[in-house]
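Across the two complexes that follow, subunit A remains constant while its partner is subunit B and subsequently subunit C.
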Partner chain A sequence: MSVLLEARNLEKSYRLGRGRVLHAVSGVSLQVRKGEALALVGESGCGKSTLGRTLIGLTQPTSGKVLFDGQEISGLSDRAMRPWRARMQMVFQDSSAAFNPRRTVGESLAEPLRIHRRHGVRERVAELLDQVGLSQSVAGRFPHEFSGGQRQRLNIARALALGPELLVADEPVSALDVSVQAQIVNLFGDLRASLGVACIFISHDLSVVRQMADRIAVMYLGSIVEEGNGLNVLDRPAHPYTKALLDAVPRPDRALPPPLQGDVPSPVNPPSGCRFHTRCPIAQPRCATERPVLQPSGEGRQVACHYPL
Partner chain B sequence: MDAEQLLDIQGLKLNLPDGTRLLEGVSLRLNAGEALGVVGESGSGKSLTAMSVMGLLPGLKASGSILFSGQELVNLPDKVMRKLRGARIAMIFQDPMTAFLPVRSIGAQIDEQIRLHHRVSRREARARTVQLLERMGVPDPAMAAKRYPHQLSGGLRQRAMIAMALSCTPALLIADEPTTALDVTVQAQILTLLREIREEGAGVMLITHDMGVVAQACTHVAVMYSGLVVENGPVRDVLDRPLHPYTQALLAAIPPLDGPRPERLPTISGQPPTPDNRPTGCVFAPRCSFVRSECAVRPPLTEIEEGRRVACVLYAA
Partner chain C sequence: MGGDGFLRMIRALSVKKGVALAVAALGFVILASLCAPLYAQMVGVDPFSSNIAGTTTRHGQSLDLMQPNDNPLHLGLTPLGPDWSPGAYMLGSDSQGRDVASRLLYGGRSSLLIAASAAVLCLCLSGSIGICAGYFGGWVDVVLSRLLDILWAIPVYLFAISLSVVTVGHGLHLGFITLAADSFLIPIGIIALVYVPYAARPLRARVLSLSRAEFVMAARGMGASDFRILRREILPSLAPSMVVLGPLVMALCLLAESALSFLSLGVQAPAASWGTLIQDGEGLLYTRPIVAIAPGIAIVVTVLALNVLGNALRDHLDPKGTGR
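Now for the complex of A and B:
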């Protein structure tokens, strides 16, 4: 499959005043092929949401490039970006904040179609509702009349309105109850199969990610520490951080191993060398001074660790 | 080996002023040294049950019985309840940012709580605060006590809140989604802490929607659905061999973290009923795949084996 989206050495930093700089994303390179689902996982503050927004052009990178279908889209003006927006869309976590409460959902679904001057708006809205498993008759209702799960379906329908080739979904199921979460996870699977749309899922929930993604990129303090086939990465993690994340997930079937100590260090003042060395159970002296780079380690996997597992 | 019965809730009902019934008759038991996980989806009534024990439901009409160490809590006068709350029963919440006043240091707030229930000097109170923070695994506790809530990380704030809750060594600790807002690595630290608190003899009631959290931190579990307990029992028994169709469906809907990846996840069709629209029979019947004619009569929560109760006609003798 050909490459749809590519990031080259992406950096995003924010000036905080008094000379302090927060490096939200540092040196990230990745590719998403057509129709593929990539998951960005990591703890809060690891830069996964910032990376998602930068990839889709909602935030401009400080340096580095984003290419969509082979053409650079980073640095484009809002006007120049407009035709590209139809090809990539975002699905946000909080579906109740994503809709105008005073408009019917039909009007909200029609809005992107009108802005992009598409024809057959009414038919398209009906088709979208059908694709996300809602009855066409709900178009005249208001957002508050829907449950959380139904609103997330509407949220997805709106993102699909212009027929995008890429969806970026930031925690699309984490606000939902388990039984509803399973419905939305299945819906994404169905949509990928029927529409061939590529997806980037941003999530902290490893079991959800395992179900939804073909590939997984694990982030820690702004950088990717491990990346590869989803099942391989989660079943046989190579980076100690990936393993620690997996070990910390409470499971019904086995006791938790001793947890990782401490908190994620501040991205304003990240540790030297390998950024994970302050919490790593197998850190060596070398890890405090020399920063490991992302290197291939077989099975199409890449790991940034001096001593991979 | 009869453990001391700490909490015995029988047929707890809660009504809104307009008569809408929020809890339909909840029954739960908790012994000292045990941790009871109360699980269920949003709106199932798990937080309302916890708040009833705390006596924090102004404007709602409660009936039934909540026995705490033999003392009836339902309709207990506010003045009496206030003495229990904080001292004998303490609660921690999902968001520690709202549990602490933002304009005072966390140490000052824990000191205040200690001095409210015990006659000790400021200095003694602070010494106890620092000791508590240290026990909760807060690094440099004397320094941390001087910090304001916003200066601490989420995990440290949660530890500080637990320290505050434990400041008067309560017999019962109620934790409402204490780790939901935390990252998994920090969550694991807090769950370990909760397990230690239980092992030291307190009773813990843990409200959560996460079956994994229950498995890690609890000895027993009660599954709630639409204002009722539909199943309860020892945590291993319920998770390994769920009896109620709702518990079974809930466990099946969790995507697996190892083993083969299913093509699709099993789902529960439809949605839970709203309180004003609850079926008269089994509350789960409209979504249940085993539904039969007997389900038109609501099944009582019945003990079917030692310590295991389930409310389902499939297990009627």
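Now for the complex of A and C:
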């Protein structure tokens, strides 16, 4: 399958003043093929949301390139970016904040269609509501009148309005009850099957990721440490950090292994060498000096570790 | 907010007794001021020309407007006192033989007009500055915010007085704009300007938090232009904050106008405002205190009512407070 979205050596840093720089994303390269679902996994603060926003042009990268359908879209002006916006959309994490509270959801769903001067707005809104399993009669209501799960459906409906080829969903289910999570996970599955839309799921929840993603990229402190086929990564992690993440998921059949020591280092002042070496249970002296790069390790998998498991 | 929401707000607000009272007081003050020419005509007085030798009729008997002083030596003259019965000179006369009641009403016209216009102008300026600084951020925000800080560092009244002293003598000539020295636009502009930091800073904070809201980010992700985002996403959510600030800013403007006019730096004779009326009454404070007290009461009642109304609006529209 052909590549839809590609990131090449993406960097995003923020100047904090007094010469300090926060490296939110450092040196990320990845590819998303048409119709594929990629999950970005990592602890909060590891830069996965920033990466998601940079990928679809909501923030500009400090350096590196983003290519959509083979054409560079990073560095485009707002006006030049507009035609591309229709082809990739974001599903925001907090569905209660993602809608203008002073507008009915029908108007909010129509907004992207109006911006891009599409015809048949009313019919399209009805179709969208139908696609996400909501009644057409809800269009006249305000966002606060819906439950979290319903709002997340509306959120998805709005993202689908322009018929995008790529959805970036930032923690799409983390704010929902578990029973509702399953409904939304299924909805994403149905939509991918019927519309063939590619998805990037940003999540910290490995059990959700297992159900939603074809491929998984694990991030730590702004970089991808392991990337590969979903079940391979989850069942046989090659990077010690991936293993630690999986070990931290409670399971009924075993006691929890000892958790990782220490906190995530500050992205303002990242550790030398391998960024994980300060917390890695199998770190060697070499890890503190030499930074490992992503290298293929069989089964279409890439790992950034000197001593993969 | 639709008409339905507006009605609901009015109903919710009028449940509180203080608010109903404040609205009633404001309505009375505004209506009475609007009726100033009607009143002057009805009782047959000219509130703007000196009438020291004049007389008025009370209970069928003709009285001099300037009475002999009741000190032992009978030196000088004291204006006619109030008799509280409807008709000419019900609040007595001032030192120029003019009808105090009709001047109070005419003064209210000037004071309310200047305060309301200054409040609207101030909110327009503050809103524009707040939107530019809060939405566009970066160096625009740095420049505008520092500018506001500088303005805010100068005491409001000192600043207003300084600006007025410069313009009061010979009006304002800025390029093709020429304002006469007695134009109301001068106090309106000055008062609006000095309160810009007061209103602009909370509005900037509100715009700043709105521009980071996910629904604004969502609009940008859909490809909405800055103009569209400001018009469709930011402004509707900013409007309640501006409505809340409206009466509060107007109360401040009314006080500033009175202060400037009291110092002869605002409304210029022959026009009157509550501030100039207090100044007129200053010399009569021991003999005819009503001349200064009447406009004083008018100012207090109006400012109080505006504040009660503003606070009630805030409780209703903006319960979390706007960046203050």
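List of remarks:
We take it that the second predicted complex is superposed on the first by the 307 of 309 C-alpha atoms of A that agree within 3 Å, B and C clash if a C-alpha of one lies under 4 Å from a C-alpha of the other, contacts with A are read in each partner's own complex, and residues count from 1 in each chain.
Quick note on the criterion: a residue touches a chain if its C-beta (ideal position, glycine included) is under 8 Å from a C-beta of that chain, and two chains touch if they have at least 3 such contacts.
Worth saying up front: this structure is predicted, and the values here are computed from it rather than measured.
On the superposed subunit A, the positions of subunit B and subunit C stay apart, so the two partners fit side by side. Rounded in steps of 10, the angle subunit B-subunit A-subunit C defined by Cα centres in the superposition reads 80°. Looking at the shared chain after the overlay, A:Gln89 reaches subunit C, while subunit B stays out of its contact range.
In the superposed pair of complexes, A:Gln183 makes contact with subunit B only, with no contact to subunit C. Counting residues of subunit A touched by each partner, subunit B versus subunit C, the larger count belongs to B. Of the two partner chains placed by superposition, only subunit C is touched by A:Arg158; subunit B is not.
In the superposition on chain A, A:Ala193 makes contact with neither subunit B nor subunit C.
Of the two partner chains, subunit B is the only one touched by A:Leu234; subunit C is not. Of the two partner chains, neither subunit B nor subunit C is touched by A:Val268. Between subunit B and subunit C, the minimal CA-CA distance in the chain A superposition rounds to 17 Å. Applying the stated touch rule to the two superposed structures, the subunit B and subunit C interfaces on subunit A have no residue in common. Of all the residues in subunit A, the ones that touch subunit B in their complex are 43-44, 147-149, 177-183, 185-186, 189, 204, 206-208, 210-211, 231, 234-235, 244-253, 255-256, 258-261, 263-264.
On subunit A, the positions that touch subunit C within their shared complex are 56, 58, 78-79, 81-82, 85-86, 89-90, 92-94, 97-103, 108, 111-112, 115-116, 158, 162.
Across the interface of their complex, subunit A is touched by residues 41-42, 153-156, 183-189, 191-192, 209-217, 239, 249-251, 253-258, 261-268, 271 of subunit B. The touching residues of subunit C, counted against subunit A in their complex, run 1, 213-215, 217-226, 228, 232-233, 236-237.
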